[in-house]
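One chain, chain A, appears in both complexes that follow, with chain B as partner in the first and chain C in the second.
What follows is the complex of A and B.
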């Protein structure tokens, strides 16, 4: 992945998010304390917020360029986003939650087909159930599958394991690794847990009060 | 009250607890109904009035025609006001500012003035000027406009109750704004709005009685006609009340069923 985040500036409540970085890792962690601007950065990349200034480019494709007044709407960015609260649609069963993310034009038997994604994340048996009946770990998998079904070129994960207890974390981590290896989608992984990052990521960007403090590479 | 007695009259009121057995519900509802009827019996006992039911019996067709007219008017206004309310609620959430303020002004203007005045001005001034001659059409439009303002606020509150992250995740998985409304926001808003919406629809049925002032021959006007011809009063007004109750009761029962069907935990 080459994700170019150039000249990014977004005023937040008590500081300005300022980022200038080119990311090339398969799984890049964005690490930092709460309120550092991590989620805001993901929102900018997904196109859910308008920056004051930014050039965002994914593999040569310009997503946002404020200098040219260009901002692709979220649905054209080919980015899968799993927000922190997951935001599954509570009025729909699992299957429909998943299929809303599925493009009608998507190939039926490809990498990102419903069958394949459901198999990798072991969603099959949950398909008919209501979202509100699921356990925390199951919800997490459904949210992940929903994002994958959009055939994304980049996956944004906002603290996917926060709020889960240690036992559940240990259960979900292998799924995340499986997604990484099976789909080969580059990921931006927001977290403030060193252990998760070591298990999954090959690159770490440390963010604090809207500024990048350090950039390190994890040894696999 | 000892434990054996209380078991006939007491049920849990915690959310999600099962309803009491059917027999218990029927018996207690009957008891409450009995209390209400006692009040009415007492009041009517004190009335020195001999109802002459046979005087209005020949006018039964008049009542029935009026009742059917009221059903027609209400049904048409129900559709019209839902559309008006939905449009106004969406307009108020619009990014286009003139539309947003149009929605707000509409709601404030209609909610702040009496329906009677709206009917008079609407019928004798506005619709007269634009050449709408059919009083029934004018009546339906005025009533739709009136009720639509209340429905607009109900729908707007429902839309606002759907969290920001629902919007964002819908847009992130590729739904357009219109699709987000259609598939994610409105279905969730609907659940929030059903109970107040039912109340509004019941009000709509009753409010249609005011259309009698511009000579629309609905239930109330027909009852008044019968009353004037036979010099009776209660004999006309009691069937009138009953007729409206027959219309509004199913609406609230139907809503309770819908509420159950659309129920999900959040």
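What follows is the complex of A and C.
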């Protein structure tokens, strides 16, 4: 993946998020304390917030270029987003949540087919259930699968393991590794847990008060 | 059917029709006010809410000036399609629609505001356009508030008096609604008729407020599951 985040500027409550970086890792961690601007950065990449200035480019595709007045709407960005609160649609059963972003023309036996994604994340038996009936770990897997079923070019994961106890984290982490290895979709992984980052990521960008403090490379 | 039941039937169907007619515009206005900011928004908000606080008779007078034969809209309709508005059942419809519109917008706006915008944002990242987000996410998550607000707007239309009498008059068999007929019965000293119509009005209003309130009190999906 080459994700170019150039000249990013977004005023937040206490500081201005200012990022200028080119990311090339398969899984890049955005690491930093709460309130550092991590979620705002993901929102910008997903097209959910308007920056003051930004050039955001994924591979050769320009997603946002404020200088040219260009901003692709979120639906055209082909970016799968798993927010911290997961935002599973509570009025739809699991299967309809999963199929919400599926294109009718998507191949039924491809890498991102419903059957394959459901098999990798072991969520097939959950399809008929209501979202509110799921356990924490099941919700995480369903949200991840829903994002994958859009055949994304980039996955944004906002603290996917936050709020889970250690035992559940240990259970979910292998699924994330499996997604990384099986689907080969580049990921931006927001976390403030060093262990998770070491287990999954090959690059770490450390963010504090909207500024990049350091950039390091992990051995996945 | 007795004359009294005719009045009740007429009031009920015109109220239902006026509520249905304002529903699309009410949903659109409520959504815009709940989800968007723009310069001059407070002016639009004030205009939408104006009939709620203005004397209904004054609103009726404005409607009469607009819908009368010499009015902008009434004159146009009379000259072009030979259709009179003022002092017909269509004027009752217009008065009820204008008077219940702010109530509908107020309740539906609150219902939309309760829907966590994160659901809509994530739906967009999943490839949904604005119409699909609205009909597959926003409306289903706010449906209780929409139904409750619609029922209360219907109840408001049922009881409409001041604007209706100005723009539609009280013509028996043509524009006489429940409220107008109660007033007329009292004026004519027909206490028994007034009491019977009053009882029906109370039952209808009680049922509408109770059912509408029940929908509004139901838990909506304010929080994420």
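Convention: the second predicted complex is superposed on the first by the 219 of 220 C-alpha atoms of A that agree within 3 Å, B and C clash if a C-alpha of one lies under 4 Å from a C-alpha of the other, contacts with A are read in each partner's own complex, and residues count from 1 in each chain.
Throughout what follows, contacts are C-beta pairs under 8 Å (C-beta built on N, C-alpha and C of every residue); 3 or more make two chains touch, one makes a residue touch a chain.
Predicted model, so just to flag it, every value in this text is computed and none were measured.
Applying the stated clash criterion after superposition on chain A shows that chain B and chain C collide. In the superposition on chain A, A:150 contacts both chain B and chain C.
In the superposition on chain A, contact of A:91 is made with both chain B and chain C. Of the two partner chains placed by superposition, chain B and chain C are both touched by A:79.
When the shared chain is aligned, no partner comes close enough to touch A:217: not chain B, not chain C.
Legend: residue contacts after superposition of the two complexes on their common chain; A:48 is shown touching both chain B and chain C.
In the superposition on chain A, contact of A:139 is made with chain C only, not with chain B. Chain A residues in contact with chain B (one complex) as well as with chain C (other complex) are 43, 46, 48, 73-75, 79-81, 83, 85-91, 100-101, 103, 132, 146-147, 150. Every residue of chain A that touches chain B in the complex is listed here, in rising order: 43, 46, 48, 73-75, 79-81, 83, 85-92, 100-101, 103, 130, 132, 146-147, 149-150.
Interface of chain C with chain A (complex): residues 116, 118-119, 121-129, 136-137, 140-141, 221, 224-225. The part of chain B that touches chain A in the complex is made up of residues 163, 165-166, 168-176, 183-184, 187-188, 191, 262, 264-266.
The touching residues of chain A, when paired with chain C in their complex, are 43, 46-48, 73-75, 77, 79-81, 83, 85-91, 100-101, 103, 131-132, 139, 146-147, 150.
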